[in-house]
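Structures follow.
In the two assemblies presented below, chain A is common to both, partnered first by chain B and then by chain C.
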Partner chain A sequence: MSMTMTQKRNVFSVFRYFVLTIWLLIVAFPIFWMVSTSFKPDREWFSWPPVYITENATLQNYLTVWTDFNEYSTNEETKELGQYTQSLQRPWEALGNSTLIAGIATLLAVLFGSVLAYGVSRHQILSEKRMFQLLMLRMVPPIVLIAPISLWYRQIGLLDSIPGLVILYFLTSLPYAVWMSKSFIDEVPREMEHAAEILGASRWRTIWEVVLPLVRSGLVATFLFILILTWSEYLLALLLSKTDVLTLPIELSKYQGSTEGRVYGRQAALSVGITIPLVFVGLLIRKHLARGFSFGMVRR
Partner chain B sequence: MTATTLNGQVDPPQNIKARKGREANKAQGIRRFKWTVLSPFLALMAFILVPALLLQVFFSFFQFSIFDAGDSDSFMAYFEASEFVGLDLFIDVFRDNRFGAAIIRSLLFATGATLGCFVFGFGLALLMYRPFRGQALYYIFFILPMLTVPIVIAYTGEMILYQNGPLNDILSRLSGLRVEAQFLYKKEVALTTIMALEIWNWTPFSFIIMMAGLAALPKEPQEAAKILGASKWRIFWEIQVPLLRPVIMLALILRFLEAMAEFPKTWSLLQGGPGSATETIPVYIFLTTWQYFDISYGAALSYVVLVLMMGIVMAGIYLLRREKKSLDEMYMAKPSEG
Partner chain C sequence: MSRIELTNLRKEYGNVVAVNDLNLTIEDGEFIVLVGPSGCGKTTTLRMIAGFEDPTAGEIRLDGSIVNDLEPRDRDLGMVFQSHALFPHKNVADNIVFGLRMQKVGKEEQRRKMHEVAELVRISHLLAKMPGQCSGGESQRIALARTLVTEPSNFLLDEPLSSLDAKLRRELRAECDRLHEQLQKTFVYVTHDQEEAMTLADRIVVMDAGEIVQMGSPIDIYSNPVSYFVADFFGNPAMNLIEGEFVQNGSAEFRSDSFTVSLPEKYKDISPGKGTFGIRPENVQVSKANGGDTRNIGLVEPLGKDTLLYFETAAERPFVAIVEGTESHSSGEPVELSFPGDNMFLFDGTGDRIRA
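Our next item is the complex of A and B:
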């Protein structure tokens, strides 16, 4: 018995929705669980059977994570005085640092990267081979150099400082910045630049006033894309800064080792706070994500 | 700027001379531009990475431990407290079974995670690349995992995999038995569990790359094959897959390299345990340097890993370069609509 084309198509359509919906559940469940746990009171964090949607929803986790800094402080004195700077939990500072470090490093990488990309695109100032070698900055795992870097940083006073992290984030996101912005610059027609050149504009003026404005939306996408990567970085932040300068992923990891045992509700509340900006930014540039992750080699 | 030979007239000799001069000027201008642009980058490399590399060389030939430096905080104390040991540390590295096991574990982890991401990502992309109702909504949901912070995934994963957590609850309800599986703290499954988290995290990467690749495929060869009566299966294997090869290679290579360096999830959940079940290369280096404070052995390990990874990365880059050419040709043939 053979099926008609329409029947075949219907069978395929049902099959497709079935598979996609299963994957949707797999993808959505952890996110749902994170959000749902963040509203649970502490007695429901570990209960059996687990509570899926709490009936006693509370904002306590959010309030504690963002306002009660001494909840897990082991230092009694600090606890009594309510001292923020010495307490274990310093979420606002972490938020500020994360924003500052990721923001500055990304901005520098995109500015520098796009000018370099212009030079490569228009004047081949780096050969194709060099361009691929640049990728190594990203592809060789940072763990192999982090120990001597931390010793060196200690010597030159960059350990546990904002510039120290900015420099390394700048270097490691440079390959993405150059390659991604180059893929945008390659797509812009050159007539305008030639016109500017003939009118006597200097090279820098041509770059600032003609080329970069033409690829503005591409550069914004590049900026936001690299922001996602630097915002979530863990290893460098863990090893090169911790006590003075801490970032949000490190702040989150403190809850894991806290003396009170696991505190799922608090972790979840902080996780939601860290994730929301990234999801927002990521969805904003969803059309450019493939280009970003593939160093501009795949376009859409 | 004076008028040149736009209308094709033959240049008088003095014009040729002037043009040659201008070209030389231009080349010089580009050279100056090149070094102006590159100088901050090169300065940073010289100031940060080169000293670090030199220190790494030093410590891998001179035995040194943080404890030897005593209370002194000064840099020079490190050098005074260290002792030349030649290649001893490297010989130790090559005899280190724990290191060998870490390499195998990393390779297993990276291969498994890469293939997992690819199979799921490509499968979903094949189901989704033609327009259908709800496509945009599914797409948005499917890219969410790669927009979450790895360490958030690690901790959320732990909540779900916890012995009294929802996964065991769901399994219990489905099977009718009380399932109390330990996904993280059992030696036999720990690495697989981390791999599953990695696959959950990065399937979106393969998915978006393959979606973009499928969207860019030329329609004509497929339609021609269809008219000639080729089956869907044959069209897939003999037309789509070969055309997609550069994109497939890209998805595999980039993911493999990232998975070799995976650290946040492995470290924050298990620190290499239980036993040494999740002790991958990055975790082993981390433990050696920051838990055992054996800076010198860590440096020698790092050097061997650096060489090993450079080899893998260079092979990857070689393949990428080859595929980039075919990719560029693909986009040349079909200008992007976006």
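Our next item is the complex of A and C:
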């Protein structure tokens, strides 16, 4: 029996939605689990069969992580845990540090990266080979850089400091910034700039009035992409600054001990807190994101 | 008064010579068309005049003063691009006043001039739209308006119509002509389309491989090509060009696999050797078979006023003749072809025209 084209198309459509739904479930489940766990009382963290949506929702995890971190837990059962974690937790300081470090490093990377990308796109200031070398920089496993960098950082006093991490994050995300913003700048036809110039606009005026508005969405997308990377960076932060300068991923890792295992509820509550700022930034700039990530905003 | 002079203008990209010591003077108010196949250096020449490319050597003078080192915006030029290059994030009105804003013209003046020029190119109804909402033809009118409004002394047009369909192209071609009549400014127009060149130009500059091969009025170029290249480039349908050789066999003759033509008296001293015989389709005389050398008509293509007759030859390109549309011919019909001596073009083995 043969199917008509419409039938075939319908079957394909059903199949596509089926696959997409499965994929969505796989991707969304950890997020759901994180939010769900953050409201669970401690006895449900490990319970079997698992509790998907708790009937004993509590804010205790949030309170402990974000407000009572210097108090002993009132819950007798987790008193031990509270003791263990108590002296080390500085979530608000970590939030401040992360905001400062990721924010500044990302801004610098996008700023310098896009200027560099403009030069590469329009004046070939870096050869194709150099551009690839720049990208290869990202291929180096960070761990191999740790030893020389920490030695060097110790000498010049950048170890365990905010500028130390900002510089490192800025440098490691610069390749992404250059490559991503270049792809957006390449899309602005050269003739459009020439048109502005011959109509009397200066170079700066041309960039400001013609190029920048056309790549703005792309730069915003680049900004968010790099912000996500630096916001959640763990390894460099762990090894280059652990005592004085604490960032959120490091703070998160502290809710586990060698004997107690992971303190899931607390970690989940902290994770939700770490995620919210990124979601918030994403919502603020969402009109740019759809255009920026679709890589095709200039209609010719 | 505005005159563009190019002296020994040269542009090299690495080892490639894009423009080879070009000399050209464009007079005030002239409509000049640079034409040639892609890669012939016409666009590079235009871009050097505009200031987007630095010449490797040579001088560009506008009104007598050298402008090689001036920024494009200081050269008193307007330019229209093939891609229109409208600013997609500004509406049509803002696109048009962009140049005036850069010149710090007052707001009132801006508005007045914008409406004036929109009227001139008939786009007043589009002012509030975004470029993305306009058709290709409308976009090119907007691009024209944006350039016109700044009142430059010279207009550079870089294949402005080549992205449009045939009907729009004809329409906007007429528009360009009208604007030139009305403004009496200098127009430098680049195209690879011989028909645009023929219809628009006061003077055509034919370029090939970075050099000017011929310069002259359209009719001069058409009726007096200096080489095989020019002869082949102009005319639609193209000139019939048959490769073969010239022989002295008592009298001067041209011979190829398909044709043997005895050459008129003025070519009696032609030197034997390889060469090309050319005749335009409209100059081929077709007559009923009458005991002479006949050949059979291949395809018959009636166009109304004229009819095109195609003949198979040994060469890849068919031989074409144009006859009056009122004559009736059919495929397979034997006819005799003759070539009036005054309309023959002969080219030597290197492609240069052989003159009597």
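By definition in this document, the second predicted complex is superposed on the first by the 210 of 300 C-alpha atoms of A that agree within 3 Å, B and C clash if a C-alpha of one lies under 4 Å from a C-alpha of the other, contacts with A are read in each partner's own complex, and residues count from 1 in each chain.
Please note the rule applied: a residue touches a chain if its C-beta (ideal position, glycine included) is under 8 Å from a C-beta of that chain, and two chains touch if they have at least 3 such contacts.
Just so it is clear, the model here is predicted, and its values are computed rather than measured.
Trainee: Hey, is it chain B or chain C that touches more of chain A?
Mentor: For chain A, the partner with the higher number of touched residues is B.
Trainee: With the two structures laid over each other on chain A, which partner does A:136 touch: chain B (first), chain C (second), both, or neither?
Mentor: It touches chain B, and chain C stays clear.
Trainee: For A:46, select first, second, both or neither according to whether it touches chain B, chain C, the two together, or no partner.
Mentor: first
Trainee: A:63 in the overlay: touching chain B, chain C, both, or neither? Say first, second, both or neither.
Mentor: neither
Trainee: Is A:196 contacted by the first partner chain B, the second partner chain C, both or neither?
Mentor: After superposing on A, A:196 lies in contact with chain C but is clear of chain B.
Trainee: With both complexes overlaid on chain A, does A:210 touch chain B (first), chain C (second), both or neither?
Mentor: A:210: touches chain C, not chain B.
Trainee: Enumerate the residues of chain A that count as touching chain B in its complex and touching chain C in the other.
Mentor: 198, 200, 298-300
Trainee: Touching residues of chain B toward chain A in the complex: what are they?
Mentor: 1, 29-30, 33-34, 37-38, 40-41, 44-45, 48-49, 51-56, 59, 75, 78, 120, 123-124, 127-128, 132, 134, 138-153, 155-157, 159-160, 162, 164-166, 169, 200, 205, 208-209, 211-213, 215-216, 247, 250, 254, 257, 260-261, 263-264, 268, 281-282, 285-286, 289-290, 295, 298-299, 302-303, 305-306, 309-310, 313, 316-317, 320-321, 323-324, 327, 331, 336, 338
Trainee: Once bound in the complex, which stretches of chain C touch chain A?
Mentor: Touch residues, chain C against chain A: 50-52, 71-73, 75, 77-79, 81-83, 85-89, 98-99, 102-103, 131-132, 143, 146-147, 150.
Trainee: Taking the touch rule as given, give the residues of chain A at its contact with chain B in the complex, in rising order.
Mentor: Going through chain A, the ones touching chain B are 13, 16-17, 19-20, 23-24, 26-31, 33-34, 37, 46-50, 52, 112, 115-116, 119, 123, 125, 128, 132-133, 135-136, 139-145, 147-149, 151-152, 154-155, 167-168, 170-171, 174, 187, 198, 200, 203, 228, 231-232, 234-235, 239, 248-249, 252-253, 255-256, 264, 267-268, 271, 274-275, 278-279, 281-283, 286-287, 289-291, 293-295, 297-300.
Trainee: Within their complex, state which residues of chain A touch chain C.
Mentor: Interface residues on chain A, with respect to chain C: 189, 191-192, 194-202, 205, 209-210, 213-214, 298-300.
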